[in-house]
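All remarks here apply to the structure that follows.
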Amino acid sequence: MERTADKVVSLREAVARSVHDGDTVSLEGFTHLIPTAAGHEIIRQGRRGLTVVRMTADIVVDQMLAAGCVTRLVSSFVGNSSAGSLGELRRRIERADPEPLAFEEYSHYGMVCRYLAGAQRLPFHPLRSYGGSDLPSVNPGIRKVTSPYPGPDGREPEQIYVVPPVNPDVTIVHAQRADRRGNTQIWGLTGVQTEAVYAADRAIVVVEELVADEVIRSDPNRTLIPAHAVDAVVVCPRGAHPSFAQGYYDRDNAFYRSWSAISADRVRLREWLEEWVYGTADHAEYVAKLGEEFWAGLSVGEALSEPVDYGRRR
Amino acid sequence: MSGQELTRAGGAGAPVTSSELLSVVASRELAGRRTVFAGIGLPTLAAELSRLTVAPAIEVVYESGVCGAHPSHLPETIADAVLITGAEAVVSMPTLFGSVLQGGHIDVGFLGAAQIDRWGNLNTSVIGDWDRPAVRLPGSGGAVEVMANAREVFVVMRRHTPRSFAGVLDFCTTPGPERALADGIRPLGVGVTRVVTELGVLAREGVGDELRLVAVHPGVTAEQVRAATGWDLETAGAVATTAPPTAAELLLLRDEVDPGRVYLR
Amino acid sequence: MERTADKVVSLREAVARSVHDGDTVSLEGFTHLIPTAAGHEIIRQGRRGLTVVRMTADIVVDQMLAAGCVTRLVSSFVGNSSAGSLGELRRRIERADPEPLAFEEYSHYGMVCRYLAGAQRLPFHPLRSYGGSDLPSVNPGIRKVTSPYPGPDGREPEQIYVVPPVNPDVTIVHAQRADRRGNTQIWGLTGVQTEAVYAADRAIVVVEELVADEVIRSDPNRTLIPAHAVDAVVVCPRGAHPSFAQGYYDRDNAFYRSWSAISADRVRLREWLEEWVYGTADHAEYVAKLGEEFWAGLSVGEALSEPVDYGRRR
Amino acid sequence: MSGQELTRAGGAGAPVTSSELLSVVASRELAGRRTVFAGIGLPTLAAELSRLTVAPAIEVVYESGVCGAHPSHLPETIADAVLITGAEAVVSMPTLFGSVLQGGHIDVGFLGAAQIDRWGNLNTSVIGDWDRPAVRLPGSGGAVEVMANAREVFVVMRRHTPRSFAGVLDFCTTPGPERALADGIRPLGVGVTRVVTELGVLAREGVGDELRLVAVHPGVTAEQVRAATGWDLETAGAVATTAPPTAAELLLLRDEVDPGRVYLR
């Protein structure tokens, strides 16, 4: 947490140092900037007994489940985007096959409020959801509080549901760029990354590129994660594949569509992991294996933001 | 019923598909609305078509945080990069769910579901028991929040069967206002007001009302819809027949909104 | 609230239309981008009986008090920055001179949480402040809630203070730039402006400059206030003086220092209002009266942000 | 006591002023700290000097939302434009107070006050009754939050009088942990641990401890400090004498930190 320290490490070292068996690990990124490479490195290092916290449990979670890393999942959406099912997740939940998966089910804003409460050290966060839902009956974490103020129009005080804080042992997010201290800039969909990082004991930021201090400091409002909240900076281009990094590469929709069939068949899923995760030493090998032609297909043209003027005292 | 059985629009062009009919019917219901919370697929098509027809000022807000998108290509997901480039605003999840949605800025929210009951309560969690379900579905996403906070909710269901239009939900993920009130919670909106299906349109005016059949699509009878519904579906007075898509609506939908037929399959 | 409508109006029209006698008016901007021109226009139009909500009640609030616009103040800091006192505010509170001022005192984060609760339609917002403070004894708005979860280490459930929502009839903020629909971009200190706008029934955005849609849309993450939350857009260059607008003009520290002496003397304060507010037809006259040489002294050099690439599908 | 009465630093240069002494003493207390929440004035000078001496990695977080400032000129307020241009991050108020401060990321918070009592409780609201005060002071600002959430708090008070070091506060704006605990609230930090004044240094180790005199500045006696304190001030064993600013400290403070003598008045 030293601000001036150079926090740049390899993904292997960051995971080895910060992700331990039995940890609660938050992986965030709402469709955009999903930290897939970090998930794969956790698989390679054979972590066990993890509680994974992720709003949209999608392909990377299904892969971590299939690799046997995860015993508990906290999530608000367990599906392969709009492209289909997560085969391993469904086997685990529907048939405890090959083993049960403890599942804490929330809604999206319930998860957001859990991160907000965690980041802000609040004992709970209120939200106008869950009234009449069956979710509180299967999730004892969702409770009610009575407001200490009179209700609208002098009616009796309102009741409101609340959720508890989540404080992951480690949060891992992917971002476009950071400096060596960990000042991290994200644009496009920014999701809940800032809150997930602040809620965590330790935070790893995986970035498309490391940039000079001057680049970050030319636009301090773009720094969504300040250095004081970051423990490790990992440079890992294309580390969000098959999701996308705004301005860097597009989403691999074909892979999303293919995942339902791959994951429906445990043998195919195992073969996929062998080939693409266990069979690659690191994410650079995974990227190289996909090939230049493949990446050309996901490349994007340029659309630069108009600069703003921060001004300089004369 | 397949789209091919539907009447041709104004006698012109290719036959109207079920997706096209649903999109057109839903778009008409958006007349006068300002803000729509919509997922990708038919809701987006309906919103985009309404902008070109009955609701020129409509703004689509996406669950990913995009407000005022101007996409260069038809988006494939609610987080498609083409929604972000050139958008008017992109906000964080806390702002999107807290200030925009819970803050009461959404007129109409679009939702889908595996099951819906007569009050418009929705199940997107499980078929079977929650603890060991026959089918684990994706869950709420933001549906619980959309129902609790949008002024009204439109549901689009491609399939209309007694299992999906259920007498009793296997699980209530996303409750309407009646269930919320019984739980001591006052919701902002009135819950589901329109359900557009492959067979017709169900409607519900406000808190305490059941969904009733208000319109059948061309070639469908009220009795067919009642038979496909898992509860004793009442009709609201005389059941209308959906006006087929006009030639202008179809032209806009096919040539402007989804020329690549990404969703009009 | 029509998104495609052109919302650009004059400051005179915006205030006439949206600020009524007896309204609760939030003016936000934390030292930066203080909506002074809007405060002056409220004075010119002779509004009465306002409740003013502002975290840092400073010079513009002292001026509105002296003009007789305000009967109630909700604030967490009532001082002239670090430069001295607010003479009129002190006379009103210390001696009810010339009339009493109802004052609701909070801390900064208490005010932030009131705006958050207001923006999010929450009945209350919890915060880890006020334990043992005398503030709850003089402000019945500050209350306690007991958490429905066990305390840390199995101790009994925590108690926590909460504040009620604030929902101003109208919020006025100053910003660097907007488009005609009201999509508003702010950089530098961003304070609590987004939340104050979302909490309000009506919102007026006063900007240094109106820009083309393409400028806003080149950087959607910079839009801190989306059009759907804005009712009126007012173009009013230098409308934040004596505070500053990052990248446009610097803070007028000399005026801040002079305010203690001006406001300490009710006659001088009255003369100041006569000359600079009642004596100017609008803010353009106020700006012209200060003179070009004056503004040259507050001008700033250029420090442009490095652009980011949002990418474009090929 | 004026600065002119103080000893010269290492026998070199102009006489040490009270402001310089306070800044140097406070800077030494920051050894090893990482994050400081500081207002403009002596706290900023202390933090900047500590960066050049005992705490090279220190980050100053400003109440305005600036983290990692690299100002081109000495800032005149916590919101000075020169703090923003070239900073590493600028965050909103909800993030600053919610995630950074309440989230527990601040090691040391600097506060000032009109009155302080033996437990380090602070008054910045009123002299006299709150309802009709003799003097209306600015109020909390973020002081309530700094005390509740920073791991420890340093107070810098230029004037040391029985009225400002009060037996009983006129009003407790900003309570230390003892008062919070009595109110049923568990604070994160231990409250005030150091008070640097024109006469010396008071210290308090943790919850339940009173402020005690630990050091007097050169030329000041413990009895003088006790006489200037509105409660029966105890001493912590042997009272040390503050080591005068070294020539190196003074040089850095005068030539690097505040060459324009904006705060070293």
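To keep things simple, chains are lettered A, B, C and D as they appear, and every chain counts its residues starting from 1.
Note that a residue touches a chain if its C-beta (ideal position, glycine included) is under 8 Å from a C-beta of that chain, and two chains touch if they have at least 3 such contacts.
Worth saying up front: this structure is predicted, and the values here are computed from it rather than measured.
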| item | value |
| --- | --- |
| Comparison of A-D and C-D by number of C-beta pairs in contact, larger one | C-D |
| Furthest chain, CA centroid comparison against chain C | B |
| Chain centre separation in whole Å, for chain C relative to chain B (CA means) | 39 |
| Whole-Å gap between the CA centroids of chain A and chain B | 29 |
| Chain B, residues touching no fewer than two other chains | 66, 81, 84-86, 90, 98, 102, 149, 188 |
| Where chain A touches two or more other chains at once, by residue number | 116, 121-122, 127-128, 144, 158, 160, 188, 190, 194-195, 218, 221, 246, 250, 300, 303, 310-313 |
| All pairs of touching chains, each written as two labels joined by a dash | A-B, A-C, A-D, B-C, C-D |
| Chain B contact footprint on chain C (complex, rising order) | 1-5, 116, 119-122, 179, 181, 183, 194-195, 198, 213, 216-218, 220-221, 223, 226-229, 310-313 |
| Contacting residues of chain B [partner chain A, same complex] | 39-41, 63-66, 76-81, 84-86, 90, 92-94, 97-98, 101-102, 121, 125, 130-145, 148-149, 171-176, 178-188 |
| Contact footprint of chain C on chain A as seen in their complex | 121-128, 143-145, 147-149, 151, 157-158, 160, 162, 164, 176, 185, 187-188, 190, 215, 218-219, 221-222, 246-248, 250, 299-314 |
| Of all residues in chain B, those that touch chain C in their complex | 34-35, 56-59, 61, 66-68, 70, 72-73, 81-82, 84-91, 95, 98-100, 102-105, 149, 188 |
| Interface residues, chain A side, partner chain B - complex | 30-32, 55-56, 75-79, 81-82, 89-90, 93-96, 105-110, 112, 116, 127-135, 138, 144, 158-161, 188-192, 194-195, 244, 246, 250-251, 253, 300, 303 |
